[in-house]
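Just below is one structure, and these are the notes that go with it.
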Amino acid sequence: MVRGYRTDLAMECLDQKNGELKGVRMNTRTIGGVTHTRIRIEDERAADRLGRRKGEYITVECRDLPNCDARTRELLARMVAMSVRGMLPPEGEVLVVGLGNRNVTADALGTRVVERMLVTRHLQQTIAEELRGKLRGVSAIAPGVLGLTGIETAELCRGLVRHVKPAAVVAIDALAAYESQRICTTVQITDTGIQPGSGVGNHRLGLTEETLGVKVIAVGVPMVVYASTIARDAMTELIRRYGIIKQEESEQLAGQMTEGLMGDMVVTPREIDELVLNIAGLLSDGINQALQPSIDTDTLHSYLHI
Amino acid sequence: MVRGYRTDLAMECLDQKNGELKGVRMNTRTIGGVTHTRIRIEDERAADRLGRRKGEYITVECRDLPNCDARTRELLARMVAMSVRGMLPPEGEVLVVGLGNRNVTADALGTRVVERMLVTRHLQQTIAEELRGKLRGVSAIAPGVLGLTGIETAELCRGLVRHVKPAAVVAIDALAAYESQRICTTVQITDTGIQPGSGVGNHRLGLTEETLGVKVIAVGVPMVVYASTIARDAMTELIRRYGIIKQEESEQLAGQMTEGLMGDMVVTPREIDELVLNIAGLLSDGINQALQPSIDTDTLHSYLHI
Amino acid sequence: MVRGYRTDLAMECLDQKNGELKGVRMNTRTIGGVTHTRIRIEDERAADRLGRRKGEYITVECRDLPNCDARTRELLARMVAMSVRGMLPPEGEVLVVGLGNRNVTADALGTRVVERMLVTRHLQQTIAEELRGKLRGVSAIAPGVLGLTGIETAELCRGLVRHVKPAAVVAIDALAAYESQRICTTVQITDTGIQPGSGVGNHRLGLTEETLGVKVIAVGVPMVVYASTIARDAMTELIRRYGIIKQEESEQLAGQMTEGLMGDMVVTPREIDELVLNIAGLLSDGINQALQPSIDTDTLHSYLHI
Amino acid sequence: MVRGYRTDLAMECLDQKNGELKGVRMNTRTIGGVTHTRIRIEDERAADRLGRRKGEYITVECRDLPNCDARTRELLARMVAMSVRGMLPPEGEVLVVGLGNRNVTADALGTRVVERMLVTRHLQQTIAEELRGKLRGVSAIAPGVLGLTGIETAELCRGLVRHVKPAAVVAIDALAAYESQRICTTVQITDTGIQPGSGVGNHRLGLTEETLGVKVIAVGVPMVVYASTIARDAMTELIRRYGIIKQEESEQLAGQMTEGLMGDMVVTPREIDELVLNIAGLLSDGINQALQPSIDTDTLHSYLHI
């Protein structure tokens, strides 16, 4: 059994178990180059074995996501929208929270999405007649990381939730994956919130229904693979082929080799700066659609001056 | 009597009254090219006449501030530090709030200062032995403006204050002045908080002891003059010299001329982008010193990787 | 006669002459809220009286430009494209030069446009079969201002032109206007190049056919009005109404009042940061269309990952 | 023999040869935690075997560079200054060229250094009496990468050099290393210029005395390790320990495993954004000192408004 590989994707946890587990249901379909997978972790034992919380995990994948054509892009946004909408309560305000550090390119995804959200909570009184009743109240914040604020993101969100009283929180975060091909090609949407220790920035506390008191839908895309994962993976491949040393020894060796500076090293595409903006555009399109199903994308964009 | 000129500086309000008013005490001294003025508005009548809240207003001025030498700059930072420290409660945590919109250069001052604050609240447990007891707990946030979050800044701060429970709030904001020479040359520190309608971004609600429940010390620097002020001022000067029309007529005329688009027009130095960073450096040095008097500036800078 | 008002728009120079002048032909039409004006300065005497070089000046205006709907925006881009194309030589490479300082928001327009140009010069060999022959070779550079490079922009461009050997240069620059309503609402396209002393950043030398050796088409949008212009304008209005002092005296007075710091003060809309991006998007759409008439806008955008 | 590992550091090439080679002289000394190594490649045969050009390579190393104290930082800057000055011609103007893409964090080092250069070429006439004769003429440009300009950087520089006629070029670039501990801890200064294919952005042509016609001093710091290097390195370590497969097989296997997307993947520290600014500060301090030995650092900083 391979342990300790760092991933935030439920799908990759399942892959590491060879894709099948009692108490887990999985369902995949592919349309127009886009693969949609729904994983349900149905009992605590399965949750425990996978190291993921009980609940639903949807992944929307497209190998060519960063360079896909306009039609595929719209399809991807629509699939993200449908997935988020399916998890949202039918009514009530929504608070969108962008996690991560805006000053760290690979960790800035949440912040960039929040910058493109159609924020409407403050317009409920002044809104045009034609939109009244059709517009869900949305607020959005990118509170910044612990090292910059001195306040745990989870604590800060709890205070906000008490005050703003949304029906649900949508939290966006940059994830770490196990396989480098996942970077910028896979979107995960889950109703289990953010787990402690996940994300590029390693959140100390989770953002979940238990901690915030309302449903938390987490939307994330892998932006990095840990360098230690690459090194371990290379060794594992060698071991698999030649069977020279025992798995445990290889784990130990890999651990030694990737200590020190490597711990903070991440693997990203060279053009990560552009990719973050690209993916943030896709996610914000999808989430805006999920929150305001009665407004079409062009109108949304004109409101946002995009 | 000249009314309606937009300024956030108590000193300029007083100037417009020819500098003297019952119930107002003023006190000026100049050291090394830096002028320090303390204005106390002592009763409600004076407050009403000036259109400012009762309390203390300190201004630290240096005509050459953006280009001053290193020594003058240190003196300025120390004067800001002393002024803030004099208004702070002797003990207890402090929450620093950066107001304004990070995407609007002239309104981004508060955000830039927050980025340079020494944040310590989360370090209280893990801190080096030698610093324990010497380090005041500081948290800092730049929550973003209503149009981007859907949440009033004052509301958002109230929620945070309830949660973080600081002994005081220090709020930093970009101000509007009446005289263009004030831009980037005058720092105002006041224990009266932020007034509704003030700042470059025009806060709808104030941030004061009444709304937040703890003392609010506001630190601000004028970054703009409203274009309408420039136009009015030019006309007033003409009128003063030639006495052709009555003051009121001139007000009316100026009003007509500066309507429409002009309402949102601001006057700034061309190099405002660089000036904002420059002033943010000065204010953060001053405020960090005020909050951590036992740490010298070089050590502060090394903590902040500046 | 009103002299000395600072403007880079030929149209405003003509307005100051009450709109008519021997040797100048002007032609206006309005379609769908957009006004297209063509001014031809036909002889040196007229050029001299207007203080503009002989040649063609097209302005495309829309009072609501920054907030116009998608259709009007497309119309504006098409009009910019047609105007530029009409001045371009039918064949040969084009070098696009973004003038101004990327670190000064109001002066960064040229830089922002260059960032969105479809650059093709280096692809001529590797290009897809279907595009060969259809794609004009385009190179683009934003060389930075004298204070940052130590090299005059005009000198630097001359060196580049000799090396790259384009058939024409398209130079983009942020302009100063006389009337504040012009800011971000008027595009000027001219075949006379950039004049010395023009632009927000005040180019010391011009970029013209004489200095560069190839045709220079300049595209500009006013981003600022000088604060001194606002002050002078206010006074002039007063004088016009009440006739108190002579025009010359008013000029002198205005000069005195706006000396010193004011000289570097500019009037801009508060949301200038967002407006620069908005206008840069419009200009780059128009110029890209002019340079690559066989590629539609959606395809252009997908090449540029916008 | 291990081939094919990608590095831009002559020192690492030599390490891969076990540190000794005929025709190469190496010389190391350590002062105050900083290691200074001078490598001279003296003949073409040695150059060929190392895959580096003949000439001098100085590396200045400090394991704790990004977090070192103020004194060590000054020592590092001084060592960079001395190394650059030793390679500069004693007189004549210098053109500083920042290579790389400002929009790609890890590749933006050259651009960031250029932003902090004391540019003086344009001041030679207007300069204060006391500085005349003491100030070397310096110009600086960050021309942008081929994909954004359509012009090869080397071509562009050749055009500039012909026009500006400097006595030497100093080129700054972000490098790739073989060992991840080198990232942000090693500065390489060489009089051999920039080699084709080197740097994070993979320059197609080199910038050398042959291509530019004047001496080219290259200053670089590793900002990335290629992900494929990490994978190969892990496998090599395993092979070294267990001797299971032949080196060549391991190379082949590594090649297979790291194909595809991985080719563009780079390993960087998570906080690369901050590190780039930090290292750019160090390099610009060092290079400014080398170019203007008669001005002390504080005065330099005040000129640069840092």
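The letters A, B, C and D name the chains in turn, as written, and every chain counts its residues from 1.
The working rule: contacts are C-beta pairs under 8 Å (C-beta built on N, C-alpha and C of every residue); 3 or more make two chains touch, one makes a residue touch a chain.
Computed from a predicted structure; not experimentally measured.
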item	value
Counterpart interface for A-B, drawn from C-D, A-D or A-C and sharing over half of its contact pairs	C-D
Pair sharing more residue contacts (C-beta pairs) when C-D is set against B-D	C-D
Distance from subunit D to subunit B - Cα centre to Cα centre, in angstrom	43
Between subunit C and subunit B, distance of the C-alpha-averaged centres to the nearest whole Å	37
Centre-of-Cα separation between subunit D and subunit C, whole angstrom	39
Subunit B, residues touching no fewer than two other chains	274
Of all residues in subunit A, those that touch subunit C in their complex	69-70, 274, 278, 298, 302, 305
Subunit B contact footprint on subunit C (complex, rising order)	103-107, 180-181, 183, 200, 224-225, 227, 230-235, 237-239, 241-242, 244-245, 250, 253-254, 257, 260-262, 264-274
Contacting residues of subunit C [partner subunit D, same complex]	115, 119-123, 137-144, 146-152, 155-156, 158-160, 162-164
